[in-house]
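Structures given as structure tokens follow.
Both complexes below contain subunit A, partnered by subunit B and then by subunit C.
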Partner chain A sequence: MKDKKIAKEKTAKYKKPNNADAVKNKSGKGVKSKIIKFRIQRFDAAKDKKDDTPRYDTFELEVKEGTTLLDCLDMIKWKHDGSLTYRRNCKNSICGSCGMKVNKRTKLACETQVHKVTETFCSDEILIEPMGNMKPVKDLVVDMGNFWDALHAVKPWIIYDGSFPEKEFIMKKEEAKKLDAVASCIMCGVCYSDCNSLEVEKRFLGPAALARALRYADDSRDTRKKERLRALNKPSNHGIWDCTHCFACVQVCPMKVAPLEQILKIRKYAQQSGMIFNPGARHHKAFSDGVKHAGWINEVTLPMKSVGLNIVGFFQLAPVGMRMYFKGKMPDIWHKPIVGAEEIKKIYLELEKKEMSNKSDIKEPELFEHRNPNKE
Partner chain B sequence: MANKIKNKEEKIEDAKSQSKHLKYAFFPGCVSRGACKELYASTTLICKHLGIELVELKRASCCGAGVINERTPILGDALNARNFAMAEELQLPVMTHCSTCQGVMSKSNKKLKENPEFLAQINEKIANEKIEPQESAYKSITSEKTNGTGNARHQGINHADDQLSDKSLQGHEGFRYKGTAVVKHLLWILAADYGLENLQKKVVKPLTGLKVAPFYGCYLLRPEETLGFESADNPTSLDKLIRALGAEPVDYEGKTKCCGFPITMMNRNASLKMAGKQTLDAKDNGADCMVTPCPLCHLNLDSMQPDTERIIEKRLGMPILHLPQLIGLALGFSPEELKMQTHIVSTESVLAKIVDKQ
Partner chain C sequence: MIQHDIIIIGGGLAGMRAAIEAKGKVAIISKVHPLRSHSCAAEGGIAASLGNSMPDSWEEHMYDTVKGSDFLADQDAVEYMVKEASGEIFALEHMGVIFSRTDDGRIAQRNFGGYSKPRVCYATDKTGHALLHELYSQILKKGVKVYEEWYVLKLIIEPKGINEDGSKQQVCKGVIALDIKTGNIELIQAKAVLLATGAYGKCYKTTSNDYASTGDGLALVLRESLPLQDMEFVQIHPTGLYKLGLLVTEAVRGEGGYLINGKGERFMKRYAETKMELAPRDITSRAIESEILAGRGIGGKDFVYLDLRHLGKEKIMEKLPFVHEMCAKQMHIDVVTQPIPVRPTVHYSMGGIPVTKECEVLKDSKNRVLGLYAAGECACISVHGANRLGANSLLECVVFGKRAGRMMNLFCANNEIEEIYNQKLLEEEKKKIEELLNTDGKIRMIEVRDELQNTMEKYCWLLRDDRKLKFALETVRDLQKAYSQINIDDKSKTFNTNLIEVLELGSLLKFSEIIVLSALNRKESRGSHTRADFPKRDDIKYLKHFMVSKNEDEATGIKIDERPVVITKHQPEERKY
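Showing the complex of A and B:
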């Protein structure tokens, strides 16, 4: 291992790949085909030092339209380089094994069509890297330990303290329906890989685990909802309040679980249950109150109300306020109400209290329809 | 025969130029009237210059910024439905200049449009709420000349557009949203409605040699299902706009990532690290400045930059420009008119680079 690692570029030209399975148009006529370069990150934790700059191997394949990335990787492994390592299994986006970064965006290789990627990025070269926020083990295989630890931390099982019924638990249809979205999660780690918060906060539980936490908090058979919410709400546990609203998880989830939406539901439940003594909930209350009274946010009092009675927080805020004041960026101290602020207050009085006590007569529709593998 | 064709062509040209008169219901949002007043000033300035007519929705409330919308989602949708109803009355598409407003409003609009029953219930809550206003609910920002003095925020804003406002307010029964509003960000309007080739024609001071890092952020891109203007994987509108202004867009991984602002109160350290990561990424890729279509990104990238530098223990000194400020520079406006002196991180290095090239 004395040799300095130099990016090894290997070119393997292969005409007419024998992957007829992957071609949708069985007659093979009129199917577009082109040469595509795959630049794949190579790494071996057993041999390579961690601080090595990543190595990349390049393979060229002639790829027909409709071919998936997994088919191409198989082709490379079987025909050109047997040492290329990646996880694969069902080829049907059910097992959740083949998550990897495709041009820096995490996707399941089995449902990613190569031609579509080249169209989106306007380039016939595709960069393949292992998933992010997890340690690479070999080539495209990562150690998902952190992911499973986070999942375990939210106690993903039903805890029931009452006396058990004689036969089975009876669950209403609408109660069961609540759990559907998260139940379709295949735990592939794609959301965990692209999570913006995790890139800077390793202790954050991440989107998949938090979505799963909602599934148990929402289960009518579980008797520890409050305890669960308390744990997720605690800032030192790095649960719901570390999510930065970047929507990356909603965008990349192959099953349309919309993890962020589930995290927001937990935040709502926590505030509804009176868990309001933390910066997140204080911020939300102060924000909402500002709009209630003047129709728009009060940026002067909002930061102060969010940190609360907290001397460290005050000393963090003070310099920001000072420098904004001296640059003339400070919002007006007098928070002038907008025209029609009274109307907004009326809407608040009508809706806010009912919603906070979970007694609203309006049912919020679901925005995202999750994928149901049983129906496909 | 040739004449006929020529006439036809002229007619088409006429129709084109007529349809080019763009008019929007302007939703300024909270931050551009508070901590980022320079955004309001520069947006109204460039729109006026480009002949884009704006009628400000003065009566509109905060969109909820994702905060009201997660604490009390139905209340959030009601506030947005009320704002949409105002634009509907004016029969104008809504223009935002804040990615967060855009993201939140697009999401709310989709929910209201796709669920008629929900929309009807929300309408019950916002109807009969209209209280007779003390002053006009709408103000028009037209292309008329300005008085040149006073607060730029009030420059060229015409309160006398009573025709519009009064007609819609007389005998009003309250707001009712029919579900037809369209919400567009300034960036989208310039890229699609106005056209970048038309914008390019208006450039008098090309930003040649300036390397600009586009910071798309989150809310204009994700999720594609609710926004859908361009690919969330590989957005190009801001890159193309930068090129139209004569500058060179910088490609870097952080351009579609989060600035960290939403957790600034919950996990300050992580928030600043996130801002630092993306800024450093832009810097390492040779950017002279970053440009953002979102005032909240601006707050975390610019106003918090001294704190960020302390956290990541690296000097950044990266000027952050609002989208209309960068455009304004290329259109020949002075940095003072664009209120660039109010930034926390000095923009002198950017201005020096532009001046050098002239």
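Showing the complex of A and C:
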């Protein structure tokens, strides 16, 4: 960022009028307080052009230990600059309104302890920016349209073909518990904001929507599991195979939904249901086969196996291959086993044996055909 | 010109339930995204006499609710609600709500304050969240139009014909709303309008309510000179997180948590011998306040402990994970090893917009406003009377949300969109906002709001008396005058939250006056309304609802109407737990 060009940087000081209790208590038990600078990105879609250098305003506040970022923003808005704009509602990390980037990492403002941030970053200045992967509207408010569209795309509702029971569905405790993690998603968009795949592929459904998709695919009341898996598996839908395993969503999720794990679960279900004829699944298999065979991936066959029997795909690969060849980056055609490859093979065999013996336990074709054999 | 058959103001539980039921061109207008609605913060559960862990019946549910309400609830409405409860729970379950389960796979039920049986269905301690997200899914499925982040400025109500008693009949023809994102102000016509705007706890400082709980629906109604009913009954929840006011769910006590005072006693034995911690909320809150006033708070301070250490880690993590998380995040307390400091916090409003059992808004004790409906917390259908039992609010939202939806369908089938006579309404509203934005005021919004919240908290809290309330009334009226002098920093059109906050403050000021007036009017102690100068319940004079409205025709500017309490099955008796 071109800091020098910031035209309207202003520094404002606000100190709590009655800071008697903010000062350290003599008994030593008192609450710590210190001056913290908040550098906040400002923007107004109606006034600023998109590619303008972002404007930043800096505010200084005396902040007591235990104060959340949201409290600080409120203090700035209410007592100093009413035009500072952000979303917030419940103050209790359940409504999911107040996602924003704090020192480049997206968090919910209502549960972010300011003192902790300064300790982690060893700096009393905190940079606040709007969430990423979404268009800014004003200051810290972004347009979440794409995020909601992605949610809508995965059909986030139970589809049950058949007549409903008179009372509730019988659902085992474990079946309900299995959904705990995915069901606790609050749709705050924090994972969407920090998703690295989304940065390069805007059509990717994103972590939250996919985790939500699993919540329905895994619900014992839904009768369209296969259909859901098929849709999520289809490359043109930009579902499960657009994820690159960076774990950012797992790290930032405030509700411990672990979206990546859910995406991996969907991949597993899809492959178990025989949906293996697509680049993603083939890539998985080629990767695994290479390691099994020689202890490391086979860079020659990997792209070809991923593409599969697809003439267009081969032609798309060709220029990359040519360039690699001329730059001397072409891997050895002969896939040489590494030291210890035999050990790795043994691990594979062991795992495969386990898989086979587990197969009888896996209730995965839990596609609920038993409930409604005529459909699906 | 935008036209719809049905407009629903508010995208919370009641609003969305109504939208699912409604037919034709339906739209939800909400000042926040529906998933951000405050319904998501409901923790404990939703009551229904399923009898999944113990035989139960709607009759018992009804008696508990009526007794809990200190006999002010309208029993016909209560009967309707508790009878519908089980079916509604099953419908929600079929929609996909993930309820916690019993060992045999049925919906699990837990104990709650004021109930004689474990009757509360729950989804761990995030029941509201579970319900709200599933209802939103249904909205998506149905393809209901949602005006996200639109703020309703005015209801369009115009006269039409004459009522039976000779008074003028009124009909609601639509709303004027502000698109927060762009700043545009639009007129939206409709055959029927539903108010489902939720709570108004933000007129108090210590509240478990969110930022958006500013009772805008009530202010809309007041502006049209329509009344509000039973506004003195503000529920103060016993266990708010100390100082922050965030809610610690009643489920903590339902699962067996203790309330402990500074002396280390379970003090509830003095106030509710048999029910102990599971007494209704008004009694428990008063008990905590009495302990604190008597100097028996923890270390003599103004809080007590809510102790769940004896439940053990496993039970806490299974049944109360959100409480565990919240205490860790907000207070750095591990509830497995440490007790939670709690103080009563404003939580719910029993009063609101008076409606008939069919959810139609009342103009006075007899006449309705055609095409205007209300449901959920903003409405006073009076199923909660003077004190609500926990878990009955979510039930009210879904049962009467659905009913409102059906009633509106009936109304729409027989009515057309009405022509609006006053063509200047939209222009006037635009001018008003323009003026508000360009006020060259000197006062900051927060000064007025803080003053209001502190006044309400100090003088219109649990223990009220004539002197305190009169002082509160005076202050609120002074603040209303100061309102016109408020400065708005943000002059822009896009996403002007500064403007919205000021508009919300306007709402708070409007109905706070009515809360105080209603409290002054009720010279008895009943349910959540306790008058130090009239400590007894007075069934002869005050076993009725009062409807208060601003009316310029009256000398005092205030009109107070009465409405009888419907008593069918249970005669008032002394309330003991």
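Just so we're on the same page, the second predicted complex is superposed on the first by the 281 of 376 C-alpha atoms of A that agree within 3 Å, B and C clash if a C-alpha of one lies under 4 Å from a C-alpha of the other, contacts with A are read in each partner's own complex, and residues count from 1 in each chain.
One rule holds in what follows: a residue touches a chain if its C-beta (ideal position, glycine included) is under 8 Å from a C-beta of that chain, and two chains touch if they have at least 3 such contacts.
Small disclaimer: the values here were computed from a predicted structure and weren't measured.
When the two complexes are overlaid on their common chain A, residue A:Asn196 makes contact with subunit B while staying clear of subunit C.
Residue contacts after overlaying the shared chain place A:Lys49 against neither subunit B nor subunit C. Once the two complexes are overlaid on the shared chain, A:Trp157 sits against subunit C while remaining clear of subunit B. By the touch criterion defined above, A:Asn92 lies against subunit C but remains apart from subunit B after alignment on the C-alpha atoms of chain A. Among subunit B and subunit C, the chain that touches a larger number of residues in subunit A is B.
The touching residues of subunit A, when paired with subunit B in their complex, are 103-105, 120-122, 196-197, 199-201, 204, 235, 238, 241-248, 250-251, 258, 264, 267-268, 271, 278-280, 282-285, 287-288, 291, 295-297, 299, 303, 306-307, 316, 319-320, 323-324, 327-332, 338-340, 342-344, 346-348, 350-352, 355-356, 360-365, 367-368. Only residues 30-31, 33-38, 58-62, 64-68, 70-75, 77-79, 82, 103, 107, 110-111, 114-115, 118, 121-122, 125-126, 129-131, 133-137, 218-219, 221-226, 231-234, 253, 257-258, 260, 262-263, 265-271, 273-274, 277, 303-304, 306-307, 341-344 of subunit B touch subunit A when the two sit together in their complex. Looking at the complex, you find that subunit C touches subunit A at residues 32-33, 35-38, 40-41, 89-90, 93-96, 98-107, 123-124, 126, 129-130, 133-134, 137-138, 140-141, 181, 210-212, 244, 246-247, 322, 325-326, 329-330, 332, 444-446, 487-498, 501.
Residue ranges on subunit A touching subunit C, taken from their complex, read 44-47, 66, 68, 77-79, 81-83, 85-97, 111, 137-138, 141, 144, 151-152, 155-158, 160, 164, 166-173, 175-176, 179-180, 183-184, 186-187, 216, 219, 221-222.
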